[in-house]
Each structure stands twice: as C-alpha cells, then as structure tokens.
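Consider the two complexes below, in which chain A is the common component and chain B and chain C are the respective partners.
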Partner chain A sequence: MLKYLFAKNEDIPQGSAAIFFAFSSIVWFVVGTGLGSFNAAKLAFPDFVTGSELFSFGHMRQVHVLAVIFGWISMAFAMAMMYITPALGNTKLWSEKLGIWNCFLWNIGLSLGLTLLWAGITSGREYSDFPWVIDLYIAAFIALPLAINVWMTILKRRTQGIYTTNWFFGAGVFMVTIVFIVGNSPEWFNLTGLSEAYMTWWFAHNVLGLWITPIAAAIAYYTVPKVTGNPLYSHRIGHLHFWSVVVFYSTPAAHHLMSAPLPEWLKSFASVEGVLILVPAIAFVSNLILTMQGKWHMFVENVEIKFTITGVLMAIPLNMQGGFQQTRAINWYVHGTGWIVAHAHLALLGFSTFLEGAAVYYGIQTILRRKLYSLALANFHFWFLLIGFSIYWISMTIAGLIQGAGKIYEVPYIDVVIAEHPYMIARWVGGTLVFTGNLVWLYNMYMTARVGTEIPVGRLPHEMAYER
Partner chain B sequence: MSDNKNANQTPDTGHSWDDGALRELLNEPPGWWKLGMWVSLAWVLVYFILYPSIPLATDFTKGVMGWTAIKEYKADLKEVEELRAPYEAKIKKMSASAILADSELSSYVEKSGKVLFGDRCAACHGSGGAGNPGFPVLADDDWLYGGDINTIEASITDGREGGMPAFGGSLSAQQLDDVTQFVIGLAQGTKHAAGAAVFEEQGCSGCHGEDAKGVTFMGSANLTDGIYRFTPGTAESVKYTIAHGVNDGSDPETRNAVMPSFADKLTETEIKKLAVYVYKLGGGQ
Partner chain C sequence: MGWRTDSPLYSLTDDEQNKVAQGVWEGESLGGISEDNNRLPVPVVWLLGLTIITAFAITFPLWGQRPTADIYLEYIQNMDSPAVQAIATDAGKMEYLVNNTKDDSLKPFQERHPLTMDDLRMIKAQVIELHNQGLDLSEYTVIGDKVVLANFEGNVKPDGTIERKQPWWDKGYTIDIFYVTYFCIAVLIAIKRLPHYSWKPDHSIAH
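Right after this comes the complex of A and B.
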C-alpha cells in the first residue's frame, strides 16, 4: 500500500483501493470478533483476566463495538463501493489514489481512536464513544473522501440512469457524513441531559438506519442479479425502498428511549415510524427473492449467493423484531436486557455481515481475477458464522427474556445473574465459533490472492467455482 | 434472453449497467405487499388520532384518549399502594417482634422482605441467605451475634464488625498447629491437650468462652458446632483465621468481616421487614 501512496494516479492498478479495503476489513473483522469473544468470556466467567483496568469489560466493550462497526462493516462497505460503483457506471474509480489514501488514513484513525477508547478516553456516549478529535478526523478523512470518490465516480459514469445500488451508495456516503457531524453535536455544543441522550441515540440509530442497513441492502441489489445473471425483479420496488428509507428512517431515533422522559408525541411518532419501516424492509426482501426466480439451486451451490440470500432472509426476523420491540407495549419488557444485544447482533452479525461477506468474496476474486483458493474453506466459514451466530442469538434472546421477567417480577438481581449464566457461556461458545471461522476466512482470502487459479478474460469467478 | 432469466417476459427500464450484465425489470410490487402498505398507513392514521403524536408550533396533539405513559404509571402505582396501605400503616407502628407474632402481617412482610433482601443483601449473603465465602449463612440457626428478632434488627441497623487479633506473630509454629488441631477437634469430639493449653494461655477463651461456644455480644464464633463462619472449615482455613485474625488492621492478610450499617440506607419499616424475613429464614431462635 505504502508505495502507492505517492505514486501517480494512472500508475496505480485499477481496484487496488478496493483490495486494500477488502483485506483491512477482514483483519478488522478478525480483531473485532476476537475482542467480542474476549468480552463474552468476561461476562461468562467473571474471574477471566482480572486485576487490570485496561482489560476490564468497561474498557473493552466499546473497542469491540466500534472495531466491528467502523473497521469490519464500514471498510467492507468502502471496498464494495470502490469496485461496484465504477462497475455499474462502466467506468473506473474516480481516483484510485484518493481511495488508497482513504484506506490508509482510515486504518490509522481507527487504530488511534480505538486505542484512546481502550485507555478510557471517551465521550461516554454509546456508539459515538470516540472523543471529538477522532469524530472530526472521521468526518474529514474517512467519510468525506469516500463520499467524494463515490459521487465523482457516479457523475463520471458512462451509462444512462443510475442503478439502484448506486442510489443507495451515493445517498449513504452523504448521509453518514451528516450523521457524524450532527450526531456528535453534544460534543460541539456541550449538550447535556435529555438533549444529549436524544442526540446520542439519534446518532446511533442513524448510523444503523442510514448507513449500515441501506448500504448492506445496496450490496445485495448488486450481488444477486450479477451472480445469478437475472435482471432485478422490480425497478419500482427499488424506488419505494430507497425513498422510504431516506425519508422515514431518520425519525424513529427516539424509540431507543421509550422509557425516558422525552415528549410523549415524539415517542409515539418514533414508535409508529419504527413499525412502518417494516413496509420497505419487506419490499426489499421480496424484490431480491423474486429476482432469484429459477436460480434457487445457486443458494446451495454458490458461495456469494449463499451468503447474500442468508443475509436477506435474516432481514425478515430482524425487522419484525425491530418493528415491534420498540412499541411501548413490548419495549418496557425487553429494554435494557440481552434481548436487545441479540437484536443488535442479528442486525450486524447476521443480516449485514452476511451481505458484506459476499461482496468481499466476490470483489477479491473479480478484481484480482483469481478464483477462490478453497471452496471447502469458504463453506466452512459460512457454517461457522451461521451456527455461531445462531447460538449467540438464541442464547441472548433467552437470557433477555429471563432478565425481562426478573425486572418485572422483582426477582433479586443475583438470582437473575445465576439463571442467565448458562446462556452467557453459550454466547461465548457461539461468538468463538464466529471468530474461528474468520481466521479461516483470512487464510482463504490470503491464499486466493497469492495462489488462486487465474480467471481468463471473459469469464466470471462464480462460473468456474466447480472447475478444477 | 432465455425464459429462465425473465419468466414473465416483463419489459425492463431500457437501461443496463456493468457492461450489460445488470438490468431492472418493470414489475409492479406484489398485491399482498401493496395491501400491507395501505393497511399500515391506515393504522398510522388511527394511531395518530388516538395517541399524542403530532407536533404543533408550541404544543402537540393530545390524542382523543388523553393517554400518556406517566398517567398510566401513576394509576398503576396508586392501585398497588391502595392495596398495600392498610398493612404498611400497621407495620409502621408495630415493633418487629409484634409483626412476627401477627401471622397475617408476617406473611405479608415476608414477601416484600424477599425482594428487599434480593436487592440489598443477596450480593453478600447469597440468594436466600445461603451464604458466600467470607459471608455468613443466614438461612441456618447458627448465629454469631444471636438470632432473636431484636438482635437481627440491630445487626442490620448498626452493622457488625467482629474483631479477632492475628496470632501469627505471637505463636510458635508448633503452638499454631496445636491450637488448630484443638479447634478442629472440638467439633469432632476429639481432645488435644497441648492445644487446649494454648487456647487457655493465649486468651482465646477470653473471647470464645471457656466452653469455646462463642459469646454473642462480641460475635465470637461458636467453635464447637462444626459450622464454620469462614469456609471451607478445613484445618488449613482455621489455621489461617488464627494466624491472621479477623479485621485486624495490623495484618494485611487478615480476614475481612464487615457487615455495613443500613441505618441510613433503608427506612425503619424496611429494616423491620428484613429482620422478620431473616428471622424466618433461620427458622427462628
């Protein structure tokens, strides 16, 4: 990477930025899930690594959360944008060099930010935990260059019209920049109390709703038609999905604070919009499921489709949960319990991770024009992720219901801790499976880059998956 | 295009991307989905009419039901308080021992005592008073300070902090072993003459009593019943207690035994409830 930082833009091979982002994201995924597994071990075995402030849960939790969101998920997004946006425009990335710098500064900034968090230097607000210097850095050196590169590539496209995926990419990079600047306003304006709480969740909600969810969906809009060869089922549904996310999704932020003394109308508003989001979510799922017509055998045979469709199907339980758990009638029971942690992992480790996984698998093969090193290892990765995640989700959901019951029926806290202990251990087991799968993935992708069979011009990687 | 790719031969938008690999068809959304959308929108309308929801310039629409979360909460709370009021009024005026004597009140108190105990005491004393290493079991009938209702109430109100000096410095290794064997033997019914002598000379009996059965006013443990305050009750752990003492500030490895005072953390009524609850756990003395 370093040698390209000061090379001329024309001398940098096409797709280099995407490749650097791809491998960075995988490494952050390994690191992030390793930290997750470590934290889970701490909650399952209270005597595991004690006596050091740095390794206490309070220091390590944020490092995990932000490493997976801004390292794994967001860098995989950047990787997808760097190769899908130009491909859709029949053109090149606007500036490879900007892309390379973007990736370089991203890794530096993220490492710095996480180190500060690890040392306990934090704004103290969940998800926007980074201190303000890092927030500014992210807006200026991570989000903005990405936005410029994506926008310029879209503007310089050589096609008529803009494909659904690129609407989402273009809007997403713009919205995440705004979310970063506005969402950190408690920091700039010293907001405290309820305003601070509201802005904290406005940020957290919109990082999920205007960045992670739509970009993950956008990736699926590309992968499924591209790999199956089918045209996208409906342009109209794509439109409906896009506009309802952009228009409605920023308003439900208050549904994270249903038991806080926010104005009553705001909570109603948020709650109603939160239920309404089911409509576009189901539209998205049906659009892709209908695109799969006649190609369902690929769900079994093809790695990218296997990942993508699994992720897409997870959007159904995810949005059902999301829509209803935030209504007043249900929220009082599950709020502040492991149920929510299970939901967060269904969104990020389930739905979104599977979609990005597919993009990274596919992107590395197409850009390097090398066939996957081992299909068996890729399947191993898939199953470890799926089984590990399922164990995680089921155990945390049960633990959450126990905690909810404990909360409502005034069961002594210590009894709840004892009752949920087995599920905490199960969560750790599940998370460790995910981590193990990721180590295998890193190896598989490294070997693909090194020794994968070359893909001849005019062929696509997935067509050759079963050729020796 | 093979039929496989576009079964219904729907036209596309006329645009294509990625060197012709991607197209978008002009299919309409499925009918069931459209129905779902209209039903959802109708539901939103109804909800907005019923509940507080739409912001106005300085106020907001209150909804025709006049519902708010805080109103509902206050109504629920009032209902519970009304149910409890007659009992609470009586408890306030009565002493713990009088509550205990009244069977209706004491079973009422036991229930709220359980919740209080879970929140305030179980972290140390274990769930249901089952004890934890270093924290005495409350669910048996062996007491350091005494198990009558007034003493239990005093333990909770004022806290307790038993004190025993560390003997590690003043006893020889032999003496330490002997007295340990003597203490262990007390519960097993075996005798140890050399140890008994040490017990006498070193003033152990001054605190634990001639019969080593403990003295409740200072909380010196009963050494003869085989129930150990500091678990496990092995020779090793008994020896540790003797060598390092309890709450002896001069020995950094001393055993800690501090029962915090709850006088200003709980109300008098709450303490009475807890005293009755704890008393009943141990079966009463």
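Right after this comes the complex of A and C.
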C-alpha cells in the first residue's frame, strides 16, 4: 500500500484500493469477532481475565462494536464501492490514489480511535462512542473522501443510465456523512439530557437504516444478477425499495426511546414509521428472490450466491423483529434485554455480513483474476458463520425473553442472571465459531491472492471456482 | 420531459419519451447487468397494503403506557382507614385495598400497573396535594416515586390549556397519514414515468 501512496494515479493498477479495503475489512472482522468472543467469554465465565481495567467488559465492549461497524462492515462497503461503482458505469474508479489514501487513513484513524476507547476515553454515547476529535477525523478523512470518489465515479460514468446499486451507493455515502456529522453534534455543541439522548439514537438508528441496510442491499442487487446472469427482476421495485428506505427508514429514531419523556405524538409517529420499514424490506426480498428464478441450484453450488441469498432471507426475520419490537405493545417487554442484542447481531452479523461477505469473495477474485484458493474452506467459513450466528441469535433471543419476564414480574436480578447463564455460554460458543470461521476466511483469501490459479481472459471467477 | 396525463394509471410519459427510455434500457450494458421491467406481483401489493394498515393498527397507544395518578387515588384514600390499619402485613393491606375498590372502571388499569404499600406511601402526599387542588389526576403520570404532568398533547380545553391524557388518536398518526400518502403518490409518479410493465426489454441487444 505504502508504495502507491505517493505514486501517480495512472501508475496504480485498477482495483488496488478495493483490494486494500478488502483485506483491511477481513482483518478488522477477525479482530472484531475475536473481541466479541473474548467479551462473550467474560459474560459466560465471570472469573475470566479479571483484575485489569483495560480488559474489563466496559472497556472492551465498545471496541468490539466499533471495530465491527467501522472496520469490518464499513470497509467492506468501501471495498464494494471501489470496484462495483466503476464496473456498473463501464468506467474506472475516479481516483485509485484517493481510494488508497482513504484506506490508509481509515486504518490509522480507526486504530487510534479504538485505542482511545480501549483506554476508556469515550463520549459515553452508545454507537457514537468515539471522542469528538476522532469524529472530526472520521468525517474529514474517512466519510468525505469515500463519498467524493463514489460521486465522481458515478458522474464520470460511460453509461447514460445508473443501475440500482449505484443509486444506493451515491445516496448512502451522502446520507451517512450527514448522519455522522449531525448525530455527533451533542459532543460539538454540548447538548445534554433528552436532546443528547434523541440525537444519540437518531445516529444509531440511521447509521443502520441509511448506511448499513441499504448499502448491504445494494451489494445484493449487484451480486445476484452478476453471478446468476439473470436480469434484475424489476427496475420498478428497485424504485419502491430505494425511496421507501429514504422515507421510512430516516424517521423512526424516537422508537428507540419509547420509555423516555419525549412527546408522545413523536413516539406514535416514529412507531408507525418503524413498522413501515417492512415496505423496503418486502420490496428488496421479493425483487431478489424473483431474480433467482431458474438459478436456485446456485444457492447450493455457488459461494457468492449462498452468502447473498442467506443474507437476503435474513432480511425477513430482521425486519419482522425490527418493525414490531419497537411498538408500545412489545417494546415494554423486550426493551433493555438481550433480545435487542440478538436483533442487532441479526442486522450486523447476519443480514449485512452475509451480503458484504459475498462482495468481498467476488471482488477479490475478479480484481486479482485469481480463482478461489479453496472452495472447501469457503464452505467451512459459510457454515461456521451461519451456525455460529444462529446459536448466538437464538440463545440471546431466549435470554432476552427471560430478562423481559424478570423485568416485568420484578424477579430479583441475581435470579435472572442465574437463569441466563446457559445462554451466555451458548452465546460464547456461537461467537467463537464465527471468529474461527473468519480466521479460516482470512487464510483462504490470503492464499487466493498468493497462489490462486489465474483466471483466463474471458472467464468469470464464479465460472471457474468449481473446476478444482 | 414528455408528460401525458390522459391515462395516469397506465403511464405518465408520452410515447416519444418512452421510446427514448426503452432505447437506453435495451442498448446499454451496465457492467454486464440488465434489468427487467416487471410489475410488483399482486400478492406483494396486497402485502404492502396490509403492512400499512398494520403499522397504524398495532401502534395505537393501547399498551405500555405509564400509570396515571387517578388509578391509585382510591387506594390512597383508603390506606389509612381503620380496616386497613388493622391488617398486620403490607401484602395483606395491599390485597385488601385491591379487593375493596368501588370504581370498577379503573380495575383494568390497576391490574396492569400493580404496586406495593411502599410505592403507595411514596406517592401518597403528592397525589393528595394534587387532588386537593382540584386537578384532574388522569392528567398526571406516576413515574417511580414521582407524580408528574403527563407529556401527552390532546385536545385544547375550554380554558385554553392542553388535555394531558393519552388520546386514542394523536397528531403523530395524522402526520403519518400525510407522510405515507405523499410517499405513495411520489412513488406512483416515479414508477408511472417508466415504460409500462407490459413492455419487456430485449437484453440480447446490449449483451
């Protein structure tokens, strides 16, 4: 990477920025899930690593969360944008050099930010935990350069039309920049109390709703037609999906604070909008499932489709949960319990991870023109990820229901802790399976880059991967 | 831009403009990807309609609201009575109060928000003071040991103040109705500007 930082843009091979983002994202995924496994072990076995403030749960939890969001998920998105945006416009990335600097500064800033969090220097606001200096750094050196590169690539495209994926990419980098700057305003303007709480959850909701969910979906809009060779089922449903994300996902932030003294009309408004996130979800799932017509055998045979369709199917429980758990009727029971932790992992480790995992698999092979080193290891990764995630999600959902009952019926807290213990052990087992799968993935992709068989001109990687 | 409005549910674009759009649609390969022009399947349209109705139906403020002070007034008025004082335990006192309320209309709320004698003692003075001032206790919510003016915004009362009771319908839903309506209109316009779904693009031209 370092040799390209000061090279001329023309001298940098196409796809370099995407490759650096790809490997960075996998490494951060390994780090993030490793930390997750460590933290889960602390909940399952309370005597595990005690006596050090640095390794206490309160220090480590936020490092895990932000390593996964900013390291794995967002860098994998950046990777996808670096190669898919130009591919859909039949052009090159506007600036490989900007992309490489973006990746370099992203890694530096994230390492610095996570180190500060680890040391206990934090804003104390969930999901926007970074101190304000790091927030400014992220806005200036991470979000903005990415946005400029994506917008300029779309503007300089060689097609008249813009494919659905690029609507989401172009809008997503715009929306996340606004969400990030406005959402972190409590720190810059010293907002406190209810204003701070609302802005915190406005950020937390929208970073999911206007960044992670739509960009992951945009990737699926590329992967499924590209790999199956089928046309996207409906351009019209793409419109419905895109506009319903923008309209319905941007408004329900207050549903995270149903028990707070916000105006009740705001909660009612947000709660209806919260259920209406099912509109984009229905549009997305139906469009992709119908695109698969005649190619369902690839769900079994093809790694990228296996990952993508698993992610698409996870959008169903994800949005059923997300849509209804925020209503007054259900929120009073599950709020503040492990149910919400399970839901958050369904969004990030389930739905989103499977979709962008496919993009990273496909992108690395396409850009490097190297056949996947081992299909067996890729399948190992898939199943460890799926089984590990499922154990995690199911155990935490049950634990959440137990906590909810304990909360409502005023069961002594320690009794709830004892009742949850088996599920905390299951959570650790599930998280550790995911971490193990990711280690194997890193090895597989490293070996793909080093010794993967070259893909001949005129062939696509997914046509080749099964000839071994 | 080529608009036509004679058959808005069929198309909002004139034939010339549609021809241009169809030419671009069929003539371009977007990174090797093509798109079909299928309509949203009818069952999915019904599902979306059901989703919108459900969104309003399930979020009505029927559940999960905080208890109002009026549901505990009778408990508080009776808690110092000789009959209650004669009972030895707090649990017994509370059971007596619950079983001897006269106003049955509050029963469902009392069952949904049970409390202990200690809880009652903490809010007793505040509830009595508000009651003595002649205020409507159903406009006050009980939050732990505090009795505070509810943050609902209902109808305007004759004296110009706002009713602080949970309405069955509030302005949040009104905003939602306009919001959803505008969304449906805007998306319909966007979609009806595309070539009609009966037109199937030929992907062999660009690929």
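Everything that follows uses one rule, which is that the second predicted complex is superposed on the first by the 467 of 468 C-alpha atoms of A that agree within 3 Å, B and C clash if a C-alpha of one lies under 4 Å from a C-alpha of the other, contacts with A are read in each partner's own complex, and residues count from 1 in each chain.
FYI, a residue touches a chain if its C-beta (ideal position, glycine included) is under 8 Å from a C-beta of that chain, and two chains touch if they have at least 3 such contacts.
Note that the structure is predicted; figures quoted are calculated from it, not measured.
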* **Simultaneous placement of chain C and chain B on chain A, clash or fit** => clash
* Between chain B (first) and chain C (second), which, if any, makes contact with A:Gln293: first, second, both or neither? -> first
* **First, second, both or neither for A:Phe141, with chain B first and chain C second** => neither
* Quick one: classify A:Thr327 as touching chain B (first), chain C (second), both or neither. => second
* Who does A:Ile418 touch here: chain B (first), chain C (second), both, or neither? -> first
* Contacts of A:Phe174 with chain B and chain C, given as first, second, both or neither -> neither
* For A:Trp151, is the partner it touches chain B (first), chain C (second), both, or none of the two (neither)? -> neither
* Asked: Touching A:Trp243, do we find chain B (first), chain C (second), both, or neither?
  -> second
* **Residues of chain A at both interfaces, chain B in one complex, chain C in the other** => 87-90, 159-161, 163-164, 222, 225-226, 231-238, 240, 263-269, 272, 275-276, 278-279, 282-283, 286, 290, 328
* To do: Show which residues of chain A lie in contact with chain B when the two form their complex.
  => 87-90, 159-161, 163-164, 222, 225-226, 229-238, 240, 263-269, 272, 275-276, 278-279, 282-283, 286, 290, 293-295, 328, 410-415, 418
* Within the complex, which stretch of chain A touches chain C? -> 84, 87-90, 159-161, 163-164, 222, 225-226, 231-240, 243-244, 247-248, 251, 258, 261-276, 278-279, 282-283, 286, 290, 323-324, 327-329, 331-332
* **Of chain C, residues touching chain A in the complex** => 24-25, 28-41, 44, 47-48, 51-52, 54-56, 58-59, 61-65, 151-153, 166, 170-173, 175-176, 179-180, 183, 186-187, 190-191, 194, 197, 201, 203
* Touching residues on chain B, where the partner in the complex is chain A -> 4-7, 12-19, 21-30, 33, 36-37, 40-41, 43-44, 47-48, 51-55, 60-61, 63, 68-69, 114-115, 117-119, 122-123, 126-127
